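In structure tokens below, several structures.
Both complexes shown next keep subunit A, but they swap its partner, so subunit B is in the first and subunit C is in the second.
== the complex of A and B ==
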């Protein structure tokens, strides 16, 4: 299992649009991907659960990947979230 | 058939039915029923998916990618395993039918979202309710036949909520027929501001007698509607439509003429507005100001009260659009008679005599403070009048004024001194106290609808009060004359908002009592201007002397009609 803490930098945070894109990216991997925010956690492959974390700009989240492609998944998703615009 | 006229104009088009929100009765099932309900859920979901997919395409074509992505988010959640698992879990655990399980799922998730800090996420709570409704309609197989309106659509519905009107493609809507709601319901106001013909038809039930796709003709000025009209009616209506168009073109020539009487007395013709959708109409018809900005609609757009930023933006855009002319914005005026979905209010026996207007705002002081802050910030762009609704003593004025001072201090206010405080005169007690009130405020405006119902003790929403509720009642007109006269003496800006201000028959009376401004639906302004320019104030003053001595409503109306007739002014 690998993990990484990131700070959300895009202005709207993980609102519906960006969240939808992140979920689509996460679904490309086989590993279980969990996101932790404050005292809550969610499966990053579920838009519904991700939305309910209410992640906004400047929030700190922890990404956790567990599975055969965990290294690759973590690298890709971290980069993807940090490069979100709008 | 004849209904109540709401927004004038003649239209032909095809019926587009907006089905009522389905509220399934609560239903429980036995263990054996579980599999059947799961099957119904999955089939309903397929139908809802097809519906949403079509809607997304339509939205993308007409409103662009950004809007479409909102519905793509809906589709994503609708199709998700999470939804399927959670709803099935509810069916199994609680032994309820699929519809109930979906609604319970939607409500739980909506509430979770509404607890989040970020305003954006809180507002997404409503998305879950929308998804839930669509899915329930899918299960019951009651989705609208088509998400796409016909080219020329006459929309038929029980009533129209702001969220429903927002989803309609207004470029295709040629008319509205609603079953419930009054002349000042959201749909009615939108229809008038967009100049789309509209009428209210309660009996017979339009949803029972009109089918989707029926050819309709309607006259929103008279309240008439025809289903599959024959050729003679169509040609007659077309003639009338042409005539109306001609008259309108004639009126448009007055657009840049000042609103003055025949002898050159200036009387402001202001606009009543409810949001960005009709601020543009106020500008289009060259209103002399905004006499009543109803802020309720802004509070109905979302499932929580609008943020400071959102309010500031909307108020500011109104002030900027009016370019230095007066903009009178009424503090949130709501109560048990027009509740907001997110405020649970106790049920009252007499909501019109209960917690409404400023009384409710005092209970929700944080909301009042936010609105005051937004109005202060908007006043940086130009003059803003803050109007307090439902005042029956001096106390609320004092309280609001001290709140304004507190907010100024908290903001370290160094902006211009552009915020004026005024009162809506709508209770008999405010009429009696008018001299003292005028000493405390910068302006007043008479809300004739409420003043009439409170003066005459006749509920304006109650159809059996029809014979008792009349704005031309001498008691009402005498109250109005008294208030305007006192305001004039003290040199305070005074006006009339409410239905009567836009009623052509009342115009000579208002000119005669010397009112500063009349505030009405933007599309009415030119008609009033054209009439006003044919009336001498001196004659109107003499008329008022007579009117104030007439003891009956019928007498008043007859005298006003004669006055207009003598001047060849037709209504």
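== the complex of A and C ==
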């Protein structure tokens, strides 16, 4: 299992459109991908679960990948989330 | 005010709306927001245009869309609404089509938009039995009753 903490930088946070893009990226990997925010957690492959966390700009989240492609998933998803612009 | 409280107080629901396509659904269903002064007409037109430009970003789960735009695109006050369609419409989102339930949202600030509104709506949409009963409801009052029961 690998994990990394990142700060959300895009203005609308992990709100529907960016969130939907992130979920689509997460689904490309076989590993289980979990996002932790404050005292809550969500499966990053589920849009509704992710939306329930209410992640906004400047929030800190921890991404946790567990599975055969965990290293690649973590690298790709942290890069993807940090490059969101919307 | 939370999602459920708002819906119950303003009776911001339309059941069995008859429309012929997704654009009409967004615009006509949007009455739940404009009737309560939550957004401008342009807000609804912006949602349609953004879906045309970027794909159906408002479709969030099988059968469910959450029409909303950015606060600065015409949101006037915090507002929500529940609209069900008599005949489901296709949004060209193969994983989630056809769509029968529209949960509207307008929030004048990004903070309200994200932290309270989105997560409250996601909570509701994540309850499959509630979603199913909303879609099946045959009157506005029946929708309000489902929300009221969820509250208690």
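One rule holds in what follows: the second predicted complex is superposed on the first by the 86 of 86 C-alpha atoms of A that agree within 3 Å, B and C clash if a C-alpha of one lies under 4 Å from a C-alpha of the other, contacts with A are read in each partner's own complex, and residues count from 1 in each chain.
FYI, a contact is a pair of C-beta atoms (placed from the backbone, for glycine too) under 8 Å apart; a residue touches a chain by one contact, two chains touch by 3 or more.
What you are looking at is a predicted structure, and each value in this text was computed from that prediction instead of being measured.
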Exercise. First (subunit B), second (subunit C), both or neither: which does A:23 touch?
Worked result: first
Exercise. Does the superposition put A:60 against subunit B (first), subunit C (second), both, or neither?
Worked result: neither
Exercise. Is A:49 touching the first partner subunit B, the second partner subunit C, both, or neither of them?
Worked result: both
For this session: Answer with first, second, both or neither: which of subunit B and subunit C does A:13 touch in the superposed model?
Result: both
For this session: May I ask you to decide whether A:5 touches subunit B, subunit C, both, or neither, giving the answer as first, second, both or neither?
Result: neither
Exercise. Do any residues of subunit A touch both subunit B and subunit C, and if so, which are they?
Worked result: 12-13, 15-17, 20, 47-49, 51-52, 54, 56
Exercise. In the complex formed with subunit A, which residues of subunit C make contact?
Worked result: 54, 57-58, 60-61, 66, 68, 70, 110-111, 113-116, 118-119, 121-123, 125-126
For this session: Flag every residue of subunit B that touches subunit A in the complex, lowest number first.
Result: 66, 69-70, 72-73, 76-77, 80-83, 109, 112-113, 116-118, 120-121, 124, 127
For this session: Sort out for me which residues of subunit A touch subunit B in the complex.
Result: 12-13, 15-17, 19-20, 23, 46-49, 51-52, 54, 56
Problem set entry | Touching residues on subunit A, where the partner in the complex is subunit C | 11-13, 15-17, 20, 47-49, 51-57
